[in-house]
Amino acid sequence: MPDLGRYATEVLSAYAVTFLLVAVLIGASVWKARKVLRQLREAENRRGSST
Amino acid sequence: MKGLLLRDLRLAIRAGGGFGLGLAFFLIVTVLMPFGIGPETGIITAVAPGILWVGALLACLLSLDRIFALDWEDGSLELLATSPLPLEALAGVKALAHWLTTGLPLVAAAPVLAVLLNLPVPGFGWLIASLAVGTPALSAIGTFGAALTVGVKRGGLLLSLLVLPLYVPTLLFGAEVARRGAQGLDALTPLALLAGISLLALAAMPFAAAAALRVNLR
Amino acid sequence: MKGLLLRDLRLAIRAGGGFGLGLAFFLIVTVLMPFGIGPETGIITAVAPGILWVGALLACLLSLDRIFALDWEDGSLELLATSPLPLEALAGVKALAHWLTTGLPLVAAAPVLAVLLNLPVPGFGWLIASLAVGTPALSAIGTFGAALTVGVKRGGLLLSLLVLPLYVPTLLFGAEVARRGAQGLDALTPLALLAGISLLALAAMPFAAAAALRVNLR
Amino acid sequence: MSLDVQSLACARGGVRILAGVSFAVARGEALILRGPNGSGKTTLLRTLAGLTPPLSGKVAAPPEGVAYAGHADGLKAQLSVAENLAFWAGVFGATGISAAVDAFDLAELLDRPAGNLSAGQKRRLSLARLLVTGRPVWCLDEPTVSLDVDNVARFARAVGTHLAAGGAAVIATHIDLGLPGAKSLDITPFTRAHQPRRPHHDDPFLSEGAL
Amino acid sequence: MSLDVQSLACARGGVRILAGVSFAVARGEALILRGPNGSGKTTLLRTLAGLTPPLSGKVAAPPEGVAYAGHADGLKAQLSVAENLAFWAGVFGATGISAAVDAFDLAELLDRPAGNLSAGQKRRLSLARLLVTGRPVWCLDEPTVSLDVDNVARFARAVGTHLAAGGAAVIATHIDLGLPGAKSLDITPFTRAHQPRRPHHDDPFLSEGAL
Amino acid sequence: MSIWEYANPRKFMATSGALLPWVSALAAILVVGGLVWGFFFTPDDFRMGSSVKVIYIHVPTAIMGSSAWFMMLVTSLIWLIRRHHVSALAAKAAAPVGMVFTLIGLITGAIWGQPMWGTWWEWDPRLTAFLVLFLFYLGYMALWEAIENPDAAADLTSVLCLVGTVFAVISRYALVFWNQGLHQGASLSLDPEQNVADVFAYPLWTCIIGFLFLFLALVLYRTRTEIRARRLRALIQRERMA
């Protein structure tokens, strides 16, 4: 860990915010992708079974 | 009544992002003000509490006409009026739904916007407190105004005109709390007065609104 | 086209005082601001041009959703779209009617309000000039926004969200003209730039608005 | 007696439209209101439903009240058919929506947003609402507008069931609904044109003598 | 030939509703569109009027265009009946409104604000608009909704006059309009349920095989 | 075979599925590598002290925040002109990513501003233009959400994107006129005099490229989701109509 001197709070909080927001973005993307994929599978199955 | 509240919240979310929009509008007004006023930070800081309060008030105002007008246009309001639900309860639920979709998000977002306007940090708490206590009054008074103008097609502007004067005391005390808080002065007295206004509005408005609705439905 | 313009003006007057309402709203915002900001005259004078411009902008904004939504709801818009009138002309006439009922009264009333806010007298001319040149852009841009959101029920808030960022350059230059005018600085350059934006908006917006209308009517 | 109307006078927008209307509808009975366009059917029904106060006379309705369905559908475009119905069921304290769904054959439309329905489908949904109100008296204003022949028959069956269960209905319409035992009332005689000039006016500014 | 439709496919809200519709309406002819609720009459009429672009196929309309009247009345509540009509006359470049007023017996209502009319009176006003458009082809969607018997007859006479003058009309309705020589077209065979499954889809996201 | 082949949903799904792991891996390596390099292995700046380390996130996210809008402009144009559905969906998928990057740029800038300029926020044209861009993102996304028919939404958002771009550019000039500002000029320009020292530049470039790949990976991934959601919608609608 490098010595950040008197800017430690600023630098660390900047990194923290970035990681947090990127994580939220990735998380939301994955969550939505999973949800859509699951629903799509169900719809395709319904369709497959009905024909 | 729970069903009505849930329906209104659901409609607010589906009909183009109820929660987010008021917030976004608040953000934009806060950003626009400095464009008008000029970039000098000193002046902006001085007027920041006022701008935030006026922004919150306008965000409320713009969403007021949704409260009853949609139900009026599609005939639901007539049907609700012939339902077992008393009109007073209807008005109360509508005001609550409006506050949940507009006032509450503003309270949460205010500190972030305060940063943009360089509000001193000790003022944040007071700003939040003033909005939390004051916005319910805005919703209640607005519901009354919406009930008065429900028969007027796209009466948005008329509604603003009726409601704005009624908003003056709330705005006065609300901004005063935020300003004193920012300057480190005593802000408890105006906060107490603000709370009084809110309580009065919450207690009286459902009845006034119901009376207005009854006349408009005739 | 003349018939359409006359009809729109007539409707604006009958449906609860078109001309008066925007004006009254403008007046109220201007009067409320000092309540929010606090009583120090110095600060108010400094921010007066900005407040006037922001007030004008908000008064425009609040009346935007009337531009197309009423015609959409009662089916007239479909009928107009199948009429010999091209949609571009329709959008142009609508923008003109909006400006006549909202922008023009604001221009006329601005000096009176400027007095309330202690704007220095030499600034009056510039204030009026900036509003006269700038408000047509507000109406034109707003017509485009209204065309985008015409299918959205009571999309007033969404409309504001879309339109306000587009208003930024107009507001910047408009307030700059008024501010420089009030301080006795050179205001011709921003006025020329403001005129440029207005011309651009007036020339391009009817086409963009017609395209949006066509999509929404499908 | 389910609905008892005695020498009722009704107004719309401050103008007296009807006067001297009297009739009674018993349980199990339907009354068809007839009259040319603009004669005052809607005005009368709104007064029966309690939306407009009567100018004079009185309406005796059962304590549970009246279910009203007007020209407007009262649907929320963004909510699905099921959500629309469930909302009204909740407001009226009904237990379920399945009977209503069956009566108007809405099962296939349940998940569709109400805004995407055709005119007749919307109307069916708004009629289905009547069944979840659980109210004994129905006041219906041209209920079969934009319904096709099959659905008019479906509506007639629903009214029949309601009557058989001890309900009553007052229905304004221009077409033949196919309700066998229904009485019919032409409101033309109660309109202004057919009334004797009266010395007493409903509007205080209309009493005799120029000002 | 006034209106010529060839293997038309129409969509509503991005969903294909009808396919393979072909018909022709000559001058002096009326075509009655029939089909149960939700079968696609409104969708077809909107496509004919040019409001919705067709998915495929083509509509050949006369150069003067088509007059459309939908489920909504398109009236301004604050304007009087005369002002409403005069406005549309102005838009379509018509010379006067008196023919339209006579045809739908609006003379007594001329000064009333359109918002204060009864449902049937509104509908008459919105039908009168057709006469001031001067367009040769009328596309009407359930024009007789909430009209009483006399006014339905009045409407039938207006259509008859229009046809006699060389006009044409396509009318969707569920009731009998009393137009003697009118052809009738049931659109049920063109709806999705009656179409063969097609390998090629109108929606690029519907082609076979999972994603 | 033309490049437009990839605008076919199926073809796009195949290609993007094959590309996605590589792009994601590259993004992860470059972002993590660049940040570690910058954070642990670079010296402090003589003026800015250790606060210079914020540059490794601030600059790349700021660049990507504005580039994302540019990408949306291009894909919107492709949709309007050639009507390739995937193109419109890619624009829809990119908007939230661009919005978040813009937000990160704003927040890290604000945090950095405190030690450098002594204030969180300054109405500097650069910063303000960036804030306006953020507002554009919000409006754009709200319009997508508000309109139900996907093709109509694609059309309307594309028009908004075009008009918005024009006004964003005008705003930029208007803002410079309004206020001359505090913010750094270009520090990675071609002019070697102005450039930051190489010690900072190498990890910075790594981060910029890393964030570019992160953006690409996210947009590919989200576009795939949008395509599936679109098919799901079509399937459900057909079920209902049947």
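Going by the order they are written in, the chains are A, B, C, D, E and F; count residues from 1 in each one.
Just so it is clear, contacts are C-beta pairs under 8 Å (C-beta built on N, C-alpha and C of every residue); 3 or more make two chains touch, one makes a residue touch a chain.
Treat the numbers as computed from the prediction; the structure is a model and nothing was measured.
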Each chain counted as touching chain A and chain E at once: F
Contact-graph distance - origin chain A, target chain F: 1
Reaching chain F from chain C through chains that touch each other, fewest steps: 1
Higher-contact pair (C-beta pairs counted), E-F versus C-E: C-E
Chain at maximum distance from chain B, centres defined as averaged CA atoms: E
Equivalent interface positions on chain B and chain C, same or different at half: same
Most widely separated chain from chain F, with each centre as the mean of CA atoms: D
Rounded Å distance between chain D and chain F, as computed from the means of their C-alpha atoms: 57
Whole-Å gap between the CA centroids of chain C and chain D: 45
Distance between the centres, which are taken as Cα means, of chain D and chain A, whole angstrom: 53
Chain F, residues touching no fewer than two other chains: 132, 135, 138-139, 142, 146, 148-149, 152, 178, 228, 231, 235
Multi-chain contact residues (two or more partners), chain E: 13, 71, 77-78, 211
Shared-contact residues (touching 2 or more other chains) in chain A: 40, 44
Contact footprint of chain E on chain C as seen in their complex: 2-4, 7, 10-11, 14-15, 74-76, 78-85, 217-218
Chain F-touching residues of chain A, taken from the complex the two chains share: 1-8, 10-11, 13-15, 17-18, 21-22, 24-26, 28-29, 32-33, 36-37, 39-40, 43-44, 46-47
For the chain E and chain D complex, residues of the former touching the latter: 13, 35-38, 42, 71, 116-121, 124, 142, 145-151, 174-175
Residues of chain F touching chain E in the complex: 8-10, 13, 85, 148-152, 227-228, 230-231, 233-235, 237-238, 241-242
Chain C-facing residues of chain E, complex: 49-53, 65-79, 83, 86-88, 90-93, 129, 133
